[in-house]
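In what follows, a structure is listed as structure tokens, so that the remarks can point back to it.
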């Protein structure tokens, strides 16, 4: 059977709003972006006087499923899930569904199962924004490089997809290497890319960490290469101010968190919520 | 230096090993220490040199009460211990082996290699050893390794040298050289504790003898005042009539034959063994006897030549094939190659014949246990149960377990490489008896041994190996120490 | 050659030691369970126990294979990568129309073949197990990425048997837990009641002696690494069903959890000594720790700190004395 | 106890073997360099060589320490975690106003202390090095996350010495490369010309004999693990300067790269055998591989495949025969 045996199911009593418990499963907390996302949830919940349980999947899909089970075990009333992977989270969503706990996903969607709402910025669109900006600044046909995130990660796929939607037609992507969302790797990989392709004019990094690493490499090579990052974290914003980073596609992770808590509360109180709750993305450059 | 040990007690866990031994070593004497395997000889010396702490008792050095915290302290005070178990670093050069932990230093704390070389050469010259100093110690034969250890000990300029079975792996020539060195050390006032299971040696070089049994001192006597029989009686606590039991088996058909076998360390080796026969193989240290046996058993590659079993040509490419053909190999180093020390006696004995207890895939434990118990009884292994860890047995009993393991396969042919190395007189005799029993039942035995009396006492025929070739064959009746040595050293 | 100073001393109180050695890991588990359930009684709720069993099953299967490997004195760092690769290949077969259960079977056999590659590198190639499996780990991970192009493989259809395999219940017990228990029983018999098991111990205890006793050491080793690969692939199949997709990065650092479980279970990393029952306990210790720390709401940062400390304490209590 | 069947046989052609054993890794490096430069001549450009040297310096420093550890027959899985923790602590000190160079010094000493913890667990606690450092790896990683709360530490000011430390040039050579070379020379002398170095080999070759020969085995081991921790922290400081920030996840799986470098350099994982010069070659092989594959534009998926295969081939060529 696909259902847990009857004797093992927890009994679901009615609860008052003050006693609500939110469960948050984050894909990883080793990354400032998701730390802000978590902080957004926690702050909003605190403001509303609701208890939050946070678990961290450390980027492991299997662990995340276990985490979700553990949250259900603790009797949470609504689940906020920031999936490590849209496909892999499906079964966890389904098991929450089967017990009747509403699910809201953050930043990434779930392929299957009933999700009340997805609160996310659109990564594909963000990738497109970055490519468009390069075209706008350097003209069509400019030589560019791309620093990819962890191979296979959804952010890598989506941002890359968006970027290539535009870049494949209007730019020349001469180098494309994975730097695993990691600043150190961004640095060494960029050094090597510059060595192999001395003529590139711009580089798009799938996150700010790699972008910041790339900047260190570019600085020591003495070349003029425009760097565009993604996320808009504090370091990146500082680097833009300092004129080192050209631009970043800024997300607002804390806002994603806040919106998710609100949506969750609405769902529990029986209100209707939008299926897609967009968190605004914006391209931050030195002008802004 | 003058050392007195009084009422020493030492237990390992629940195993009470020393129960009040007394021992006295005078300046400039060679003092023999004898006793059965497990009597506690090595342990007593380990207690003296600080490797083990003592539970009770007193130690006086030159009249002053003194306890060493570790072997290094003892060495600094002038007591050097050549351990029974060789302490070799196989991957390091001979030279490095000799100076670990006591490297001469030059400026800035750097090691002085030049000085090391000259010191080492000096000792090698004294021992008449011609080993290249940069050779990897692991590729030296056991005998060569033993000489390295002896040279290492001489380097320390000790006032007391403890030698724990130094000759177990040496052949006659090295032994003679060692005895000369011992004599000259004695003249310099160095005292020597000489532990050995070889009676001849004790009577040849020692001044006094202490016999131990079950962790106690039985007696200490001056050598001229005692004799062979008395020492044996005190050691084993009963009368032992003859050292080598009478052989009365009649050799039958040829069971085993090798023709023109050539390998890395030997050439053109041909010989045969008949059923019920013991063929002794003698030769100098490093002559290549072990290598020949390893080649036959499929452990080392054979370049050319053939092996025949019951007249039929067989190919043995690995030990598994050899075992299936009914050949057993008791290796010269039982701890390194013969036994799984962490296994019980039962598991060790059953190892080569496991599948015969598992006709349907699962091991039939009752059958296995009965079989093992039977072997333990027949070989009189001294143990409480078949479940005892083999590593906890004394050397002689370990050796019996190795033999039991091979008897278990029902062998047609047994190769014994140094079967009584480090085994006490009592156990030795039991092993000889076993060999006789086996040959009476038609097993063919090849016995490699460096102990000439043993070769002479037990073999029906003797092969002598010199530099990887069979230098000659002597029938038991005409063989003597002298003509074996002549062949072994390349003479005619 | 490797030996700790303690080899020179003897064990004090052999009996006491052997008792604590057998019960040590079990006691550790008990203390942990009592502690967690006192802090949060919902730990003991039936659903949580069932969840726990399902959660540990993946690590358990891998750790069972690792037990054999470690008993021979080896190590297998490639299990996580084999899990990912065979899971991707299995999913690929399902997507291209194979019967899911057949695909799982083929996937497991492929896992065994990958394991055999390790075994051959170690025996024929004479590579140290650590470095051989480190290299194949990189290799298999790379192949997984090449095959999946970095994307998860989804669209595995709705074959009910396949879904049950990772998510279903059999007689009220999660199917992965059933798989784990059945595998445990089979391997227990294999290890403790057959010549093959005895040979495994002998190789780890003294490889030279094992060889001279006529054991086909290379063959046994290749079989054992194949077993390890097979079990990694089996747990990969469970994971694929649980995630309803094959993840290219699945199984990252699972090897470390499996090794930790084996060692917590009292098996010596130097080989020749240990029991598969201990491994089961070790797996449960790690599982209870993960589950319990989540239930207690310990932040994930502190979870790692606690895990590190618990492993140290558990191993120290068990007084493992291998080098 | 551990031994491969080959130990039982004797070496064929001792001389040939000893030559290939000494030149083996070097030849591998040479082939790799020739191959990469033929495929992409820009590899040999001076700037790339300087880059390469700077890139390898971090792995080199860690691998130097790892060489000592492995020579004693141990292993240190915690180096990456020590790097991250000490780097975070160093950055924290700088942010709170310490002089950056003083902070680096203190950071390195803290690294040595973390290493000493490993050493003590292994000697006093009698834990197997693998499991002890696996546990402290988890522990130190957790502590890093707790301390940094998962965020990078930035705002390290603009002290010129500090910036030079990771990014500057000295006589035209990148400062990290200078640090690496100086460290190499010091450690070379330490390993090959002093009693301490010999004791390191002696412990790995036969620990029991080392103990009997009066070597203070526990002390030497603790010192060696401290050295490893110190060097991990030193490379952490270089990384902090290069990135102008401390990353909480810095150094992930650096231990594996370092171990691979040591083994590629011909050092045996069973201890007692190997040379630090070989490690330098091993580090360069891995560095050229990373750099070259990027230069050749090999996709990151295939990079892993290639890396795995190159490691296997290199080790097979070197015919490492340790278990």
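By letter and in written order, the chains are A, B, C and D; residue numbering begins at 1 in each of them.
We adopt the following convention: a contact is a pair of C-beta atoms (placed from the backbone, for glycine too) under 8 Å apart; a residue touches a chain by one contact, two chains touch by 3 or more.
Chain labels with UniProt names: B = D-ribose transporter ATP-binding protein; C, D = Ribose ABC transporter permease.
Quick caveat: nothing in here was measured; it's all calculated off a predicted structure.
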Minimal step count in the chain contact network, chain B to chain C: 1
Comparison of A-C and B-D (more C-beta pairs in contact): A-C
Where chain B and chain D are represented by their mean Cα positions, the distance between them in whole Å: 43
Distance from chain D to chain A - Cα centre to Cα centre, in angstrom: 33
CA centroid of chain C to CA centroid of chain D, Å: 28
Residue list for chain C, restricted to those that touch at least two other chains: 1, 8, 145, 150, 205-206, 208, 211-212, 272, 300-301, 303
Per-residue overlap in chain B, given as positions that touch at least 2 other chains: 51, 90, 299, 337, 341
Per-residue overlap in chain A, given as positions that touch at least 2 other chains: 29, 151
Residues of chain D touching chain B in the complex: 1, 8-12, 14, 189, 193-195, 198-199, 201-202, 205-206, 208-210, 212-215, 268, 272-273
In the complex with chain A, residue positions of chain C that touch it: 40, 42, 45-48, 50-51, 55, 58, 145, 148, 150-152, 154, 160, 163-164, 166-170, 172, 174, 239, 242-245, 247-250, 252, 290-291, 294-295, 297, 299-301, 303
Residue ranges of chain B in contact with chain D within the complex: 51, 70-73, 75, 83, 87-92, 96, 99-103, 105, 109-111, 139, 264-265, 291, 294, 299-301, 337, 341
Interface residues, chain D side, partner chain C - complex: 1-8, 73-75, 121, 125-132, 134-143, 145-146, 149-150, 205-208, 211-212, 217-218, 256, 259-260, 263, 268-272, 300-309, 311-312, 315-316, 319-323
Touching residues on chain A, where the partner in the complex is chain D: 29-32, 35, 148, 151, 175-178, 182-184, 187-189, 191-193, 195-196, 198, 209, 212-213, 216, 220-221, 234-235, 238
